[in-house]
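A, B and C label the chains in the order they appear, each numbered from 1.
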Amino acid sequence: MRNVFSAPVSTELLSELPRRRSAVLRFAMDEPLGALGLVVIVASVLLTLFAPLIAPYDPLANDYGAAVQAPSALHWLGTDSFGRDIFSRVLYGGRTALLIGVTASFIGCTIGALLGIGSAYFGGWMDLILERFMEILLAIPITVLALVLVSTLGRDMMLGIDVNLVFAIALPIIPKMARVARSQALSMRRMSYVDAARTLGFGHFRIIALHMAPNIFGPYIVMLTAFVSQAILIEASLSYLGLGVVEPTPSWGLMLAGNAFNTAMTAPWIVIFPGLAIAIVIFAFSMFGDALRDLLDPKSNRDR
Amino acid sequence: MQALWTTAETATRDSIAKFPAESRKSARVSDVMVSAAKAVLADDSGTAPAAVAPLLSVRDLHVQFVSQDALLNAVRGISYDVHAGEVVALVGESGCGKSVSSLAVMRLLPGDGATRFTGAAELNGKDYFALPEEAMRRLRGRDIAMIFQEPMTSLNPLLTIGRQIIEPMLEHLDMTMKDAERRAVELLTKVGVTDPERRMHQYPHEFSGGMRQRAMIAIALACNPKVIIADEPTTALDVTIQAQILELLRGLVDELGVGLVLITHNLGLVARYADRVHVMYAGRIVESGSSAQVLEQPRHRYTIGLLGAVPHLDQPRQERLKNIPGQPPSLRCLPSGCAFRLRCEAATKVCAASPGRAGDGGHSFACFHPGDLRRPIDNPTGTETRGGKADTGIALRVRGLSKDFHLGKGATVRALQAIDFDVPEGGTLGLVGESGCGKTTVARTLLRLEEATAGSADYLGHDMLSATKAEVTQLRQQVQVVYQDPHTSLNPRHRIGHALAEPLLVHGLCKSKAEAAGRVEELLGLVGLPADMATRYPHQMSGGQRQRVGIARALGMNPKFIILDEPVSALDVSIQAQVMNLLADLQSQLGLSYLLIAHDLAVIRHISDRVAVMYLGRIVETGTASELFEAPRHPYTQALLASVPALADVGRARRQGIAVKGELPSPLDPPSGCVFRTRCPLASAECARVVPAPVAFSETHHVACIKV
Amino acid sequence: MIRYVISRLLLSIPTLLGVATLIFFMLNVLPGDAVETMLRAEGGNPTPELVASERARLGLDRPILVQYGDFLSGLATFDLGTSSWTGKPVVEEIALRLPVTLQVAVLAMLLALAIAIPLGTIAGVYHETWIDYAIRSFAIGGIALPSFWFGMLIALVMLWYFNWLPPLGSPSLFDDPLRLLQQLALPAIAIGYRYAAILIRMMRSSVIEVMHEDFVRTARAKGLRAGHIIRRHVIPNSLLPTITMIGLEFALLIGSLVVIEQVFSLNGIGRLFLDAVSRSDLAIIQGIVMVLTVIFVVVNLLVDFAYAAIDPRIKLA
């Protein structure tokens, strides 16, 4: 019988095991899924960045003569009921998804991290108020909060993105990141190096910015990656419900909306490919995020 | 003895292929050892083994950890026997392989590719290393049981204590639930848990640390095992509780005739409680013998060094500890031959060729150049008395320092209650007490990391407790601190050079980066570190080196006064001695005043001029080091001193009774009157009524007790 | 335990009050005139007089704080106001749709738990073996597939291969449970998969972590059987973080509920919400957010109680 218990061996002994040299190679060896995720992320960023060069058709151009065509040499992924080329629309939809996903996650995580660290460092009433506020935000289910926000804020386009949509997706991320940052910062406050910094007479700003923040950078990056996939998912959901990106902007969620499902009963490619695109990108960000977490947190042994 | 070295192979290489040949050889050696051990034990003490054959016999045990590109030899061929009614100690510093070897003996190491262990282990003459896992499982807990280091984490938090004691009985003994419950109550009574019927149904979090360790012992005893392995059973506990637990274990060994393997780093425990000792270094046993032989006439150079490095309670003053230079070798690249030779002043070429082999049942040692010292600790050199420091000035005068923590719901912990003490200028005040007595809170309030509730702390005319923000910034240059845990006191993301230079630049002590770099080099030199350490990160250094950096960082501000918060408690004995010597040197070089906070009385004894003993937020006794250690007055101080196992205790002081009964009361609900009365042998009704005022026995010696 | 339950219930009241306040001001103070949007949605180009009279009818012309006070006192009596679209009480509108939504949610949750706890445990116990890889691949699928798309796919597959679509209408749990199950199975699977995947991963990692705990080593040193150790020591301790996760991730489940109702044309709260959004029916939006929040908070309370039931350390705290 296989011994399912790999007994705890003195960690100080194991820490003596030498680290392999090349960081990239190590990452690829230890975290093959994470490495695959990274490759997919890089590939999708490149594909969407150079979408105008790659896309064979204008994603917005209707061509009723070529409506609902199955994948072929001409239209690699087929066409929709307006005759628009699905491959081109998926590429441009990726632009929307990545842009909104990354921006929303970045905004949410950055604000959340700053609030979390500040809350933990200063403590007292400030911590109390922020904590209560975060608790209230957390009590509203994330998609519902985003839905309420987009429905009340309306649209506000800036540089081609709906700022209000980004804000609506970013807001629910803030309390989650703040929670993580706060607990990290609190455990860091128990480390004597923060006490040491105080007894050396350093100012609050120096301690937070130079002594604490860098040590939260790891969890920050991990959460950032994880929330990109969540933001993309919410963007797709909102667009699917007709509350996110609006026609004619190509968006994966939007490509599945309306009567796409009914059309798909006879022309499945109309729903398969946009959904697959969402799944692949979410997969990539999730796996990459997991791998980063394992790498940065030696205690997490999910894949050990 | 000399003859035995000739039987040792000239160059032992640790390779799996060689194991069979080696074990044959050591089996022959072991026969000699067994019979010799019997002879020694027979006249050693009253605890003669009941059976001639050893209960547990470990032969040529090797443990290796394999990673993709490295092989760690954690244990390299150790052999020992345990007889009935005998306590056998495996002693050594961290990383020497003592704990790993015990897991291997229990066969608790994973049997996968990453860990290999070979050798033989016999229980009652039966080699169980060859048994299949299922048969081994039946042996574990029934014939051979184990007690672990951390009573906090070694019990399942979700099951009652009783349930956890009963589990092995139901598994191994074919008992009914009712019988098992009855036996669990018996066992709890036996290990000194009062009110066992009720406490059986409690959960681990409702038990104190000492009580949990008693419960662990009850679990180990559940099936009447022949051998118990105790892996640092008291390291996580306070000294008075440690004494209680070991008295209990020793008593059980004598009463039940089990064999006990005691794994520890504490030589004092070995002296007081063990019959035989095996000293380990870098995965090998370097010296074996009865406790008296090894501790009083150590021969191996490492043992001699180790014994010299231990600070002693009975050592009247602060002579330099004889430390061992350097660091223990990394298991990744062990030196050939004797692993200790790189730190050994007597090493010659022959040491590099072969590790030597411990043989000779009575007293054996794997050393080509054995030292021959009677009690190496008895040759004080360069004695210099520091007792006269008492009449110098006072650096810090603390009066009425109190600190309350409000926990909400109206609950208040009175962590400090009107503490008074003086730190002599250019000298050291040692503040000693067990965990929870409030000694760290003293440091935190003085440093203004916490605000004191009341009191004053006069430092050269400034009250540190009421100083304004600007004054605090000023004071922080003069008053510095060295923290306990070298692992957390340095920011993991800052290089050592940066960590040392940053305060210098921020406070304008150095005008330019270049100037700061020069000063950093100077500071590193001051604490005995090479200048190139500046480019390292904390995780690239050992604990002792990090602690030196922590000291250097404090020195960078040119302080006059340093608070040392448990500066050596996280370090191994030999490294501890290095750091203590460094602190003593710096004090005399730079004229520093120290407030030393520690739980280890021997460390306090070694560096302090004056000592204050704390108990539950109050100071119960103060005095000069000699007054307090030679003529302690307060019953708590006396108990504390009696609890500390000292090297001088070999064979003598054992079973003299438990020093202090019971455990620390909850600080949320401290006893009225004298806080110590609940555990005090002298306590009377009056003690509950009045808070004792300090009684002066001399100008310096004050005791807060109405019974003295 | 009872004191713990009561204190937790009382503690959730300020949170709910906070949510009510937040949502109220979000909807009423943020830019955009709801009445105008609503009238536009009815068609035509409303005159300013019409807008004003409509505002007066809905009580929206009063000072915002008065409206807020009204809203709060309404909440206290479970009166969420009236829908500006249908004119019926919000409570009634919601009560009509709530059962479907709740049934899908409960079904999805049960499904997810039934899958996740055994699979997560197996993956954790046999980690780094093929069985672990298989379970993890299954879980990765659940993480990556958007549930509304996954719902579409399984519906399409059922249609193509079995020529079967979930029945329409609103069957009752008591009269026709089988038909109800047929109707709700696919949406529950679609959203339960993602939920299960998250829980599998959590359970797996906590099992691995717990297997390294000191007390598991103690249990092994006692010579207990592997199966016994896993059942009595590993699983209960691993359940603790997983249970917390069940509560937290329930928020995602609610989110996907809103979307999945659209895919399967279920007449639940999600549909009502979307309709209300398109008609700017503020009372309904507020009401639904409050109801969903209450559900989320209640689930988290239940989770806390389950936690306290397993962990004896909680009761003292």
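We adopt the following convention: contacts are C-beta pairs under 8 Å (C-beta built on N, C-alpha and C of every residue); 3 or more make two chains touch, one makes a residue touch a chain.
Keep in mind that this is a model prediction, so the values were computed, not measured.
Participant: For the interfaces A-C and A-B, which has the higher count of C-beta pairs in contact?
Facilitator: Greater number of contacting C-beta pairs: A-C.
Participant: Which chain would you call central, comparing Cα centres to the global Cα centre?
Facilitator: Answer by centroid distance: B.
Participant: Distance between chain B and chain C based on Cα centroids, please, to the nearest Å.
Facilitator: 52
Participant: Averaging over Cα atoms per chain, report the distance between chain A and chain C in Å.
Facilitator: Here chain A and chain C have centroids separated by 21 Å.
Participant: Starting from the mean Cα coordinates of chain A and chain B, work out the distance between those two points in Å.
Facilitator: The separation of the two C-alpha centroids amounts to 48 Å.
Participant: Hunt down the residues of chain B that sit against at least two other chains at once, touch-wise.
Facilitator: Answer for chain B, listing residues that touch two or more other chains: 108.
Participant: On chain C, where are the residues touching two or more other chains?
Facilitator: 213-214, 217, 220
Participant: Please set out, as single numbers or ranges, the residues of chain A touching at least two other chains.
Facilitator: Those would be 1, 5-7.
Participant: What residues on chain A touch chain C, complex-wise?
Facilitator: 1-2, 4-8, 33, 132-133, 135-144, 147-149, 151-154, 233-234, 236-237, 240-243, 256, 261, 264-265, 268, 271-272, 274-275, 278-280, 282-283, 286-287, 300-302, 304
Participant: Mind pulling up the chain C residues that touch chain B in the complex?
Facilitator: 213-215, 217-225, 228, 232-233, 236-237, 310-313, 316
Participant: What residues of chain A sit close enough to touch chain B in their complex?
Facilitator: Against chain B, chain A makes touches at 1, 3, 5-7, 9-10, 12-14, 16-18, 20, 190-193, 195-202, 206, 211, 214-215.
Participant: Over in the complex, which chain B residues touch chain A? Could you list them?
Facilitator: Spelled out, the residues of chain B in touch with chain A are 65, 67-70, 72, 74, 94-95, 99-100, 103, 108-112, 114-115, 133-134, 330-332, 447, 449, 472-473, 476-477, 480-481, 483-485, 488-494, 502-503, 506-507, 550, 553, 557.
Participant: Quick one: which bits of chain B touch chain C in the complex? Just the residue numbers, please.
Facilitator: 106, 108, 137-142, 145-146, 148, 150, 153-159, 167-168, 171-172, 203, 205-206, 216, 219, 222
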